[in-house]
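Next come the structures, one after another.
One chain, chain A, appears in both complexes that follow, with chain B as partner in the first and chain C in the second.
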Partner chain A sequence: MEEELVLDPQLKYWVLIPISVVMVLVGLLRSSFTALLSPGPKKTPYKKIRETQFLRRAECFRASNNVLDVNQMESRRNYFIEKLNSSEYYSEKISTDDTPKNPFTDSSTNDALMSMMKGNLLNYIPQSLIMAWVNFFFADFIVMKLPFPLTDGFKSMLQSGVATPDLNVRYVSAISWYFVNLLGLKPIYNLLGDNEAMSTILAQSQQTMPNIGGPGAPKVDKIFQGCAENIKLIKHESIFDGIASRVIDVYS
Partner chain B sequence: MAHEISTEALKDKLLNISYSGVYAQFHPEQLLDLYNEVSNFLSINSDSIDVTELFNLTELRFYLAILTHHDVDSKACLDRLTDQFGRDRSQRIKILQSIYLEAMGDNEGAKLLLNGDPDELDLSRRLVTFSRNSSDPEEYIACLKFYLDVQPSDLITWAELADQYQQLGHYERAIFCLQEIIQQEPFAYNIFYKIGLNYYYLYCREFSPKLEKKDKVLESANILRKARDHFLRTIEICETYSKAWLGIYLVTKAPINDVLRAKYKDNSAMGQLLSENDKLREVSAKKFTDLSGIDEATLKSDLSVSATPSA
Partner chain C sequence: MSKKRELIYYIPNIESNKKDLQYVHDVTSLTLGIGSGILTLESYKGFLLYIFGYTAVNLLFYFVCCNKKAASFFRKPFHEIFLEDILSDMPGFVMMWCLTYALVR
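Presenting the complex of A and B:
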């Protein structure tokens, strides 16, 4: 028979519940702060939209020029080839030198990095503060006994900060309770209707680098020229050829 | 339970109306009914529906209130939305504000609101519409063209430009604009119908039975053939579009057919056109009377009064 530790019931009111409440409140607060600090959706500059829309128009012409007759098709083909080979619809000037730009001088990359940093700081600062708080006031506390048995493997998880190799695993130390809360509060946030709070905590572990505009993306002039080539190669066939006999065949 | 389902269905119906913007084509009476329906729905259910849906429906209610002259209620909806989303953070809210100002007669204020940022293209498009009421239609057309230069694949603007050209009688330009639309939406049968109509108008202007020159007559015949082909394409996509059947019928009955038959029957292209027209006349008359319920005798007598299909 193992010996039972006697836990002061006051521990529950002064340690266990305060830690949980503080964690929940800080999580909610942090999600509100994240929402406040995150920049709104950015507007695309109109020149960029103009470029994509013109390209779209050209692509649509290529895909469904069969709704035009031969003369209209040819005049439009000439128009598109001329415009696609000029720089009229480019959103920005094409630089001639091939040296890739330093990605960190690009403002959009900097914005992405900045917002990532803000998110990270909002994660780390409050969590370290709470951890320091727990460590300072409740160091070496055993705060509760779990109502179910566990294997020894959980010892390092549930009894960190308490140097007692022979203590039953069911006893939980204060700092471990903090960690259990940190990882297990998602259902609580869900109940409180705040899905944001947890998703940001989780995002912290699986954060990816923002897409830094490297030299990989094809340049607009190449895309335009490719589209012009495609338009040159169009083999035109009008839907209006023989349409009358088609309809007559169906309805008579 | 039955009540629950009907609330859900009603909500879906209203949201669909809101997303599709179909209320812009309602009769005044329908609008008023819809307005009452939305107001009732919101006053009962505003606490129980999802916030996104709530604000979408509030926006719908705003538009309907403006259209049905409920100024006070439209202001209330607008205030609710601006309280939630701020005055100048969203283009959508700014558009609502400008519509309210315009409805109140403050055009200058509305323009000022829309004029801020060239990147806010939705606002620019709305700004373009302010020149619509000016006495000079060319000004409106210039504005539309300017906007189309910035947004070359904005279909609504192309359609609007086509309407303007059609009103001014620039049918070829109208056709050009409409062709932009069918290139992006190759199955837009109503646009094919509109193109056919514009060709028909063009034919009506170009041709008179007194025309003597051969190439003039053949050119008119060609225009009319294009009109017919576009109506036929409409039919290929949507068989029940009765207006297009009527268009085909009119084309095949047009006086130029008689001229062609009298003088140019030996021309092989024209001979083919005439024989196709003869067959199409019967088919289209039958189809149109089937679809519209008008019998053929009435159709013939009506057509002798006015020989243009409706827009």
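Presenting the complex of A and C:
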């Protein structure tokens, strides 16, 4: 039978509950700050959009050309091959040198990195501030008994400042309550903040990804030429071929 | 012909369903934490309560909310309802367990 320590009940009201309340409030504040600081959706230059949409149009033509008859098909085929081989729909001039651009001179990449850094700072600064606060005010005494046993490895972390080497690890100081809160508050934020924190994090990661991946992407002229080749190779089969005989077959 | 029909999901509906499921999971883990703290369960008994209670709520969700047709509301119904969140909701449960355990004793 192990010894039970008697803990002052006032500890609950003046240590445990204040720490949890402060952590919840700081988390909510942080999520509203990220929402305030995050820039609105960025505008894409219209030439870029025109380029991708022209490419999509060509792909659609390739996928569903069988609704056209032979004349329509041929005129459209010639149009697409001509436009895809010219540089009319390119969003920017194709440079001849193949040296990849330095990604840090690109302004869009810089913006993405900046917003990522802001998000990270907003994550780390409040957490380290709260940790310092907890360490400063609530150091060096036992606050609570955990309901589950832990191994002795946690002793140095969870009982920091308590100078009793043989104390059961289940008795822990305030900093461990801070850690438990840090890990476990996510459902509370979900219920209170209506997924605000999660959605901003998601939006950030989606924003940064395509910009970073820019330099490795294939050149636009290669894509356009490949598409032109594909359109050249289409074996056109119109649904109007022999339609009269088919209809008669159905209704006779 | 009809056997090989492909299920097409409307993404916003899938996400809304997922949000509802997430809400159920959050409330479940917090409530189970409060419950096991009030019962002053210790060590493995608390975790057992968590696993059984969580699975029971998921079964109710499967039979009542999804009307046994979870495949039409979720992409990977079994995985999403029963397995995916049980570990990531554990810290919330542990937090409420510790808090109410400390408050009750």
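The working rule: the second predicted complex is superposed on the first by the 210 of 252 C-alpha atoms of A that agree within 3 Å, B and C clash if a C-alpha of one lies under 4 Å from a C-alpha of the other, contacts with A are read in each partner's own complex, and residues count from 1 in each chain.
The rule is short, and it goes like this: contacts are C-beta pairs under 8 Å (C-beta built on N, C-alpha and C of every residue); 3 or more make two chains touch, one makes a residue touch a chain.
Since this is a predicted model, take the numbers as computed values, not measurements.
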Partner chain(s) touched by A:Leu5 [first = chain B, second = chain C, both, neither]: neither
First (chain B), second (chain C), both or neither touched by A:Val67: first
Partner touching more residues of chain A, whether chain B or chain C: B
First (chain B), second (chain C), both or neither touched by A:Leu183: second
Partner chain(s) touched by A:Leu37 [first = chain B, second = chain C, both, neither]: neither
First (chain B), second (chain C), both or neither touched by A:Ile49: first
Partner chain(s) touched by A:Pro149 [first = chain B, second = chain C, both, neither]: second
Which superposed partner A:Arg57 touches (first chain B, second chain C, both, neither): first
Footprint overlap on chain A, where chain B in one structure and chain C in the other make contact: none
Chain B partner contacts - residues on chain A that touch it in the complex: 40, 43-46, 49-50, 53-54, 56-57, 60-61, 63-69, 72, 89, 239-240, 243-248, 251-252
Chain C residues touching chain A - in the complex, by the definition given at the top: 19, 22-23, 25-27, 29-30, 36-37, 40-44, 46-47, 88-89, 91-99, 101-103, 105
Contact footprint of chain C on chain A as seen in their complex: 12, 16, 20, 143-149, 177, 180-181, 183-188, 190-191, 195
Chain B - residues contacting chain A, complex: 89, 117-121, 124, 149-154, 176, 179-180, 182-184, 186, 192, 226, 228-230, 232-233, 235-236, 276, 279-280, 282-283, 287
